[in-house]
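Supplied in structure tokens, the structure appears directly below.
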Amino acid sequence: MVIKKKYPTFPKGGVHPTAFKDYTANLPVENLPHPHRVCLFLKQHVGAACRVSIPKRKDREPDEALLLGRNPGRIYQKLVTKKDRVRAGDMIGTQDRGLGATLHASICGFVQGVADGLHPMMGKSPAIVITHDPEETPAQYTREDWYSLPRQTLLDRIRLAGIVGLGGAGFPAHAKLDVSPEITLDTLILNGAECEPYLTCDHRIMVENAHEVVEGAKIILRILGIQDCFIGIEANKPEAIESLQKVIDDQSDKNRFRISIKSLAVKYPQGSADQIIQSVTGRVRPSGKRSSSIGVMVQNVYTAKTIYDAVVLNKPFYERVITVSGKGIARPANILVPIGAHLSDIVTWLGGATPDLAKIVVGGPMMGYAVSSLDVPITKTTSGILFLTHDEINTEAHGPCIRCGFCLDACPMGLEPNQVGIWVEAGRGAETAPFGLMDDCFECGSCAFVCPAKRPLVQFIRLARIQIREAEKKKEKQK
Amino acid sequence: MTQTDLIVSVSPHIRQTVTTEAIMWTVVASLMPPLILSVHIFGFQTLIITLVSVAACVATEAISQRLLGRPIRIRDGSAVITGLLLAYVIPPGAPFWMPITGAIMSIFVTKILMGGLGFNIFNPALIGRAFLVATYPVAMTTAWLIPIRDAAIFTHMGRNVDAISAATPLYVLKHEGMAALIDKFGPLKTIYRDFFIGLQPGCIGETSALLILMGGIYLIYKHYITWHIPVSVIASIALLTWIFGGDALFTGNPVLAILSGGVMLGAFFMATDYVTSPIQKNGKLIFGFGIGALTVLIRLKGGYPEGICYAILLMNPLTPTLDQWLKPKRFSEGAK
Amino acid sequence: MPKTTKSNTQLVVSGLLNENPIFRLALSMCPAVGLTTTVMNGLLLGVAVLFVQVFSSCTISLIRNHIHPRIRIPTYTLTIATWVTVIDLLLAAFVPVAYKAMGIFVRLIVAFAIITMRLEVFACKNDLVPSFWDGVGMGLGFLFGMTLLGGVREILGMGSFLGYDLLGFRPLLFFVLPAAGFFTVGFMMAIFNYVETVYNRRKKERMA
Amino acid sequence: MIQKFRSYGLAVSMILVLALFAGCKNEHHTIRQAEFSDSHAITITFASPVDADWAKNPANFAVCEKQDPDILADIASLILTPDGKKLTLKLAEPLNQNNHHTVTLKEILSDGKSGGTADVTVKKSYAGYLIQILIGAMIIQNFVFSKYLGLCVFFGTSRKKSTAVGMGITFTIVICFASLMSWFFYQFVLKPFHLDYLQIVVFIGLVSLTVQGVDTILRKVNPKLFKAFGVYLVLVIANCIVIAVPLMLANNEYNVWESLMLALGAGLGFLIALFLMSSVRERLEFADIPKSYQGLPIAFIVAGLFALSFMGFSGMTLF
């Protein structure tokens, strides 16, 4: 209650789930030993899947070829083929058509070819499988001063490093940073809210890699050509605030960049872009427009850190810190894993699951996806794996809506989840477009969290969206 | 561990602990103090009436859900609340079997037929009461008992129901005037005190403003109901009675108006029923004002001394419209 | 509807049951709700409607070839109004007490949709005899519905039938209140629906 | 269409509620109310009980018409209720209630004290009377929920809100015209020529004519509006309210203003009933209603519940 009054936050809606961050908040990041096998999805992000072949030009290095190669009609050659030997950090997938991100080998070993892997969200989708070769050692990266580099080079390095937004959606970072000249931005917000319960990977990054985060922020500011940056952090992470503050205070170029920390009240979904913009700057994004229309860009703190890695170390994004937590795992941890590592490897390393395990969630408990198998690989956007027991989740059957209005109070976007639920249950989901879920709902799950009847409102909303789209398609066809 | 044991469902994977059942049973609990007082001042038969009413409601719900092949949801406590509220608006001297037909009307006709919990248009308990008033008009309007002030609980179990009866304060006020009220119930100061504590003739659960207020404030504190409806109902009744209730304008007695009759019970426990009241805060205020206005109108100009039961019933069907008109403010509406 | 192929008996039975004007076609609901507090009321209005229906049907059926299609609705209305005036005066003269109890409803027969509807869909396309029997069927159906409703409500509400007390029954006063008419009609309709579904299911089972 | 009414709906309903309270005021501190109780009597209500001996003495009272105070009416008898608060003055001659009367009460004895002499004006507030007719027909004696008329059309068109509002508006317009024409015909044709028994035929004919007239005019003048309301015009004629109102006008010998108020009240009352019912039925479309009850049966039961709650208005007199 005290926290609520003291710190700024978004005014509308929001819920207060128990944080459960104590399990892992104070555990330093540890390394996962190289898994035997990794599985790298060609589509790890918003946009098009990456390609495993590059334009065939012998006289050029692959990097340069990629920079130039948007010309259709070239002869393509496979970037890697079966049985190829790769080192961690080698590019194995390209981004040469539209929105997308490059893909890199995450361990040293042999390419086994392209096979179907089990994606936590999209079900079966194509992936490159690499088996580990213990004889090969990963590349070493050297520090390089980025101040002198031109803007385009910074962007290229970010693009070639295959960085996507690590806040959840996975929007390719270079595309987001390459704003068109018509748009004027004035503020960068680094999102360190990490409002999802259990998850602590961003928190650990802020504690352990404060310098990289701040430097990353500067790189982004430089690319955008602006000076103001706020780092929004929920007030329940004093260590992170402290270590970042220290770095900010110590920096030498305070005049060039104005970076400051905003402590925010603890409230879910503080970490959503719209909400953190409102919490930090008080601005509100108009419906149907990007946040850039109000002069703000939001980047995750972890994205800033990877951008630093890409620009300063020239290190591609092929491994990330995830939080493994919940009562269902023997030893909760913050753990650095190569992308593509399977859940089973991680579970084995952390001493296995407890017998009362009921649900495995990839991502946070509010917006993550439940998986039915341990044979699921980590993707670039996986921020955590939760092993939840029966007393942590709710398995009650849902009852009828009693119109208590709790969900309306909880919805940060001012929607009416109860109505959508009732309409979908009555088989009229296609008529729910006026409730605004197509534009505004980002499925934060606050409504379902508070619902006393335990109604699966997010599921109803997804169904409604599908039905609305189908109805629209039908309409177009009739025309 | 086999992989088929894992539960797969859509996010969110954690839930708040508050459930429909928890809310309903909390309401039941906060409805208990008036019942205890009622047994204390009116005698043991009020408990019997209440038990019969609750049992009839629960049984009706179970039987009708069984017959219609629906899942039986008597454990959610909504039928218990309906039973309690129905008993609370029955005079204490009424025969014990009277709530049974009212319960069938409340639960089967008003709730189950309309699609069960969450879809009823009217407040079930109040429809039950309106039905009972129409069916047993004599018992429902004359079976009042004088509260026994200094008797200990359980000592007057064998009380002769027919022997002692009294008119309710509102009846006296409407038909005989203020002087008669003071003549019967003592000076105004005593009246205020007695009525606030609950020592007045009235329906089983509506006499004590104090105890109902306690229960209601507990519900507000638990965030199960909001202050909007109770406050707007009570404020509008007080205001309109003050303006129009006296011999000339602005001479009415607002305190008496809100302490007597079912105002408190109606405002805190009946009008706030989730299903039959608007979901938006501004809608709740309009709803509450409407109830207050209609209550005063029926009290002053209508055929009944008490009006809040019908006032709530008359406002209930406006709920879908208010919900449709008053939408929550969308996030982006705050954009400049 | 083309010329009917139904026999006279079928016409009457369909009017009584599966095309019952009150429970199946849901026309002329006002008296069914407002006037069925006792059997007697229901019976009398039923007779009045039967009278108007039969005579209007016959009249229209006789003059149907002389009506211009454009003015057929006003013709129906005026025909009905004429016969309503007749029955109104007759009732007022011969059963003044019951007439008073029925109040305005006798005169309102003129606006009952059921009569106009039968004239439009049946009488103006068929000969005198089928029209007569259709009128009888519809009128009887209405009479039957009104009597049934009146009976149910009188028994439940007053514990009596046609004024004779049925002993050992504590009446629910509610059912003689006009508001209860809605409930009674609603429940009767539901019963008709239920019987129909059961009947259809049985029929299907027998076929299969 | 609903959008149009939406913005005004709440404001209008608030004003209506406040309007209901108007006229709750009084003029003398000991005398609470003075009114005509029937054609021969005036009832005076006192705030506190008056002395019975004083009240039984006709010499204490003088009743006259306000414009000529010299002609006193003869008091036939005085009746005091046992609680001493209501005094009825029975007069020998019937009163002309459209004129204001003055009652003079000399030396009122109340609780043994003298309350002085008071002049009380007794009047029938004509505006109040008109509003009573209007509100009475609209809400208190709602044609659908309290008089059970117009049900076929009521159930037929209350499925959707837009239909319901369209029907309600069309109906209100038609019934106002039809009633005024009927009133005119009744007063100036039927009554003078003693053709009372032709009421039904004439009234229904006039209603048909009005419907036809509105149909033709609307089609020419405003085709857009015709498209919106045209379909309901045919239904109006099947609505028994439209014939019930002229019959009531004739029975009660209303004058033209009273007739207009009754017609308007009936129309608006029907609109209100349709609106409430349609909003409820739209919500019930989502409900899991037992199969046999779907459609009309449940609508009837809902209407029954409405009727039950409208019983709260029973016995209400506003002025």
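We just call them A, B, C and D in the order they show up, numbering each chain from 1.
The criterion applied here is as follows: a residue touches a chain if its C-beta (ideal position, glycine included) is under 8 Å from a C-beta of that chain, and two chains touch if they have at least 3 such contacts.
Keep in mind that this is a model prediction, so the values were computed, not measured.
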item	value
Innermost chain by mean C-alpha position	B
Per Cα centroids, the chain farthest from chain A	C
Busiest interface, counted in C-beta pairs	A-B
Chain A and chain D: spacing of chain centres that average the CA atoms, whole Å	67
Geometric centre distance via CA averages, chain C-chain B, whole Å	42
Between chain A and chain C, centroid-to-centroid distance (C-alpha), Å	70
Where chain B and chain D are represented by their mean Cα positions, the distance between them in whole Å	31
Sites on chain A at which at least two other chains make contact	none
Contacts with 2+ other chains: residues of chain C	177, 179-180, 183
For chain B, residues that touch 2 or more chains besides their own	109, 116, 119, 131, 134
All touching chain pairs, where touch follows the definition stated at the start	A-B, A-D, B-C, B-D, C-D
Residue ranges of chain A in contact with chain D within the complex	422-423, 425-426, 428
For the chain C and chain B complex, residues of the former touching the latter	172-174, 177, 179-180, 183
Residue ranges of chain A in contact with chain B within the complex	12, 15, 17, 197, 274, 278, 283-288, 294, 353, 355, 357-361, 363, 365-374, 386, 388, 392-396, 399-406, 408, 411-416, 418, 436, 439-440, 443, 445-446, 448-454, 456, 458-459, 462
Residues of chain D defined as touching chain A within the complex	285-286
Of all residues in chain B, those that touch chain C in their complex	101, 109, 131, 134-137
